[in-house]
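Read from first to last, the chains carry the letters A, B, C and D; within each, the first residue is number 1.
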Amino acid sequence: MTWIWNNSPALPVVLLLPTAIAIPLFALIERRLARWLALAVSLTTVGLSILNLVKALSLGPIHYHMGGWPPPIGIEYVLDPLSAFVLLVINTIGFLVLVHAKKVVDREIPESGKHVPYYAVAVLMLCGFNGIVATGDFFNLYVWLEIASLSLYGLIAIGSRKAPVAAIRYLILGTIGACFYLLGLGFLFTMTGTLNMADLKAILPAVGHEPAVVIGLGLIVVGMGLKMALFPLHGWLPDSYTYAPSTSSALIAPIGTKVGAYVLIRVLFFIFGAAYVSRTIPVTTVIGWLAAAGILYGSIMAMAQTELKRMLAYSSIAQVGYIGLGIGLANPLGLIGAVLHVMNHAAMKALLFLAAGNFRAVLGHSDISRLDGSTRRRMPWTTAAFAVGALSMIGIPPLAGFFSKWYLALGAVAKKQWVFLAVILLSSLLNAVYFFRVIERIYFARAESTAAAPRTEASASMLVPVLVLAAALIGLGVLNAFIVKGVIGKIVTSAMF
Amino acid sequence: MTTSWKDIPVTKFLLGHYGYWFVFILMTLGFYGMVVKKNLVKKLIGMNIFQVAIIMFYLSSAGKWKATIPIVDPAIGTADTARYIDPLQHCLMLTAIVVGVATSGVAYALLITIYKRFGTLHEDELIERMKNDLDME
Amino acid sequence: MMRRDDDAIISLVSRTVSPFIMIFALYVIFHGHYSPGGGFQGGTMLAAALILVRLAAGSDLSQLQFPRSWATPLGSAGVLIYWGTGFVSMLCGGNFLNYAFLPVSGPPPHHRNLGILFIEVGVGLAVMGILTAIYDDLLEGHPRD
Amino acid sequence: METTFPSLIPLLAVSVSLAAVPLILLSSSRPNLREFWTLAAALAKFGLVLALLPQVLTGRVAEARLFELAPGIRLALKADPAGVFFALVASGLWILTSVYNIGYMRGLGERRQTRYYAAFAVCLSATIGVAFAANLLTFVLFYEILTVATYPLVIHKETDEAVRAGRKYLVYTLTAGVLLIAATALTWQTAGRLEFVPGGFLAATTLSARTVKALFILFLAGVGVKASIMPLHGWLPTAMVAPTPVSALLHAVAVVKSGVFGIIRVTGFVFGPRLMAELGLNAVLAGFAAATILLASLLAFREDNLKRRLAYSTVGHLSYIALGAALLAPAALAGGILHLAFHATLKITLFFCAGAIYVNLHKEKISEMDGIGKVMPWTMGAFTVGAIGLAGIPPLNGFVSKWYLGLGSLQAGRAFALVLLVLSGLLNAGYFFPIVRRAFFRNGSLPAHAKEASPALVIPLLVTAGLSLGLGLYPDLFFRFFRLASAAAASVFGGPGS
């Protein structure tokens, strides 16, 4: 037990990496082992994340020195409340999606030879994300970022006929993003001579005025903006999410963009500090306005879509905008909103994409225009969960989505940014337009055929994660004060405002 | 007193950073290839050039005048670290190169799949053929 | 994909050179922990030796030297060696990759020496396996006309 | 001065119908059991609200302070006089509506009855939540739930027209909800508190006049949509495509009254009379309300569809209450609060009548109603009672509330309001009495076998008509409406803001 206790910061990564490699090997013995291995390791990481969060909250930041070398020479893994919290979100969603994956993988990935690689790559992606969030070293972060991104490209390309095109587009843009990050890091490194986050933070005040530092910061922000699909750097997102298999979309959409947001939050508010990024150089102001534009753009584009997954993809652009807006506000309330929305949006988007996956699995399509009353009769639970997710996206209290908007609105008021406030509120209405369009069809459109459709609900493995997420949305909404006070409050106090 | 043309601030700036200018030009070339070229293979070549430029950038920051490779030389000793160049950047870039190789590998695998399915790697044609491709699933 | 115009000289030279490249690669790997070189470089050279033969002799004949099906498992094995070294030191009470805790005899510097050697071997294997696998897979994926 | 004591009864009152929802859904294949759950929940709810009555009459306010919704803001329920008043009206009329529902839905053989009853139960929970909300965030929460839960009821018929009405309804109410959220966020961030305080709490803060004015506009727009103050009333007549019990309970009592109740809460418990008067905010509200009263009455003349005419009448009468809140006089506020109940009993009678006519004879248009009074004497008799009441003629309860409104307008020194009330009474008579005349004094072509509607339909409407009469004669009868209303008004004007 003490062994787990001592090594818990590194264990998720340490366990996920070999599992990703072992999955194909074990699958040679028995193909079903692939899924069970992935589930087992994913569940373990969830447990470890809970442990880490408890540790980080009660004992303060945990530092883990890889290889026993203390920083700045060695690479350290740091779990402060922010990273522990984001890790818990990522791993929980990852586990739920993997539970859901079985039938979708069978159905949407036609060649059965790709099923085992799917699990391997998914676990590798989770490993990458765990590494990104847990590491306290900027270059290590880059390596994990590329591991995660490469897995993402694979997960997307595994999908429909057009998926590889979407994947290559994502690959090119994603690599540009990573290169920008690396370049920006190069500038910071030449100015400070260190790659360790804490070390860099200590040295920065001395060189903060240098143009090289400013350029470096700008490049990192652009690079991460690409990774998190911040408007107008979102070009890769819609096709990727649409053509990827539903289970991949459900894995990528809630987690993938959040990691970019995490890195931005980390760099802006924990390394540079709010004063620097909002006053010395108005980075956050730019992010805020871009995010506001992105919210409107994403919402409006979502209204124009006829395919459910594509609609959700555009909605993701808008939702990422919320996080960007919270970052752009550069005040504690905005940060609360942003971090809370990282969690809430992860849960909401996972739920919606999984529900879309259920539609595809049962109905064979996810065209909004072909959904009707029979959908509800055939799959009452999935549709009910979808409705909960949609209402949460719109921001109906007491569901989770309302509260991230609430804190963002408070942040906007505190900053007297009336335009941002208006954008947050307007986007609620736009969300309502495109989600009620779907709800209306599912619940109130008369079925084409009057014959009573048999109840053909998705199988248990697909239904349980969806229902768990739906319940979570209610729970996270009602109990958000506990999370905000207990966890996010600590994150905010450790940020540099 | 005559000032050499090398002492004019602008030229001084240009000359003093000549390594960076080289990197900058390389980077621009790569970026140009990635953004403007329509052929996906050319885009990837641009991407590789871009990555190489960044690697060069890091390595150029490691260099020192009159310093040698970072292997302890008994003739120099360890007292004066300025005599050795910084090894860290090289280690980092080793990793970056590996990442670049992996990215290229994935990218070319994708390109082959695309070529098999759509018979072209030209972006405009690809979009055209994707439109006509009715298999949505 | 054997073609009639295979050149005997190319085939012979590459087959002769390949073992020497491998020897040098092994030298680079095994001296990597105290002199320039290491797993990445050595692994790349190993892969280069294999790919050279593949290029010269064609992908079918070269299977005799190094079957395609070995590449990915070897690469995986390399990663697992790397991970195993780290994990064993973790099991023995140290942090991940803290070689000082490896269960071998001798003083700690000796541990570190041995530990980094394991790592280099693992990395070398992984790089060799994966690079060869990339080459093979790309070739296999190419439409043969 | 009111004293509070912790109690779970407000929470139970809110959640009892919510608890009935799963039961209703589970017993979807057994209609009798399903309707039993609805009725049981309705009775339990009414009983719980009634249990709060003795306490609140002695000035003791039951309070349920639950967990925090957001840091510093609790989910809190408080059964103060105004809240108990509104809860009594809504839960009491739910019982009658439930009975009526059974007759109506079965009479028409409607589909999806399970969803209908479930949504109805959620609506009622949300309404009681609105009534008992102790702070703005709790209020917003239930207000939004009410919005969403009403939506399935509006488009219950699933025709294109119903779907369009549903969309219109959502556009109006969600926009309003968003504005309300903005106002709440603004209040929390600038004033630092959200608890409703009799007499208002904004006066005690150091907000600039501009901020307060902006807040007032936001709040007014937020609650004004459900209160259908012109020009925000557009959704209400359209929403009349819903089944008649929905129109009756929700669009005459629960939903629209939540809006008006919101106005009372905002004016009396957030801004407070003194601040309103200082900044001239009451004039804004009074102006809108007065215009609405007049215009709605005039527009009602145009409508041939009975339910739509009733809807316009509702729009007008809701503004009576808003006017009562705007006059800033104790009597006017008491009159407004009284009208909240009395208009409810009257208007629900009229809607029940309209529904009974529709179920029985499938007639919706006024022009087709010649002679139906002879076939359905009880129904049309009750209709006549309701019409007289809404015109404000004694001895019906509509007169009582109007009387106090008139008194209040004189108290406040605003005689124009009195003139307006009288004029509006005339207009009311003008658009209701022709219906009565048609029904009783004209001969229409009705099917020979036509007869009075089924008892499940007629009994509730007779009860509400009787209630209207009884409350007209003895306003304080049964439920102490009068004392509650005066207590609420007194608390607002005796509070720290006055």
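Criterion: a contact is a pair of C-beta atoms (placed from the backbone, for glycine too) under 8 Å apart; a residue touches a chain by one contact, two chains touch by 3 or more.
Bear in mind the structure is a predicted one, so any value in this text is a computation, not a measurement.
Colleague: Comparing the two chain pairs, does A-C have more C-beta contacts than B-C, or is it the other way round?
Modeller: Between B-C and A-C, the larger count of C-beta pairs in contact belongs to A-C.
Colleague: Using mean CA coordinates as chain centres, what's the chain B-chain C distance in Å?
Modeller: Comparing mean C-alpha positions, chain C is 25 Å from chain B.
Colleague: Quick one: chain A and chain C, Cα centre-to-centre, how many Å?
Modeller: Chain A and chain C have C-alpha centres separated by 36 Å.
Colleague: Report the inter-chain centroid distance for chain A and chain B in whole angstrom, where each centroid is the mean of the CA atoms.
Modeller: 29
Colleague: Please work out the Cα centroid separation of chain B and chain D, and write it as a whole number of Å.
Modeller: Inter-chain centre distance comes to 69 Å.
Colleague: What parts of chain B, by residue number, touch at least two of the other chains?
Modeller: Residues 102, 113 of chain B touch two or more partner chains.
Colleague: Quick one: which chain pairs are touching?
Modeller: Touching chain pairs, listed by label, come out as A-B, A-C, A-D, B-C.
Colleague: For a test of understanding, state which residues of chain B touch chain C in their complex under the given definition.
Modeller: Within the complex, chain B contacts chain C at residues 69, 71, 94, 97-98, 101-102, 105, 108-109, 112-113, 115-116.
Colleague: For the complex, give me every residue of chain D touching chain A.
Modeller: 67-71, 73, 140-141, 144-145, 147-148, 152, 155, 158, 162-163, 166-167, 170-171, 174-175, 178-179, 181-182, 185-186, 188-190
Colleague: Across the complex, what residues on chain A touch chain B?
Modeller: It is residues 108, 139, 142-143, 146, 150, 153-154, 157, 160-162, 164-165, 167-168, 171-172, 175-176, 179, 182-183, 186, 189-190, 195 of chain A that touch chain B.
Colleague: Going by the contact rule at the top, pick out the chain C residues touching chain A in the complex.
Modeller: Those in contact with chain A are residues 72-73, 76, 79-80, 83, 86-87, 90-91, 93-100.
Colleague: Give the list of chain A residues in touch with chain C in this complex.
Modeller: Result: residues 3, 7, 10, 14, 17-18, 21-22, 24-25, 64-68 of chain A touch chain C.
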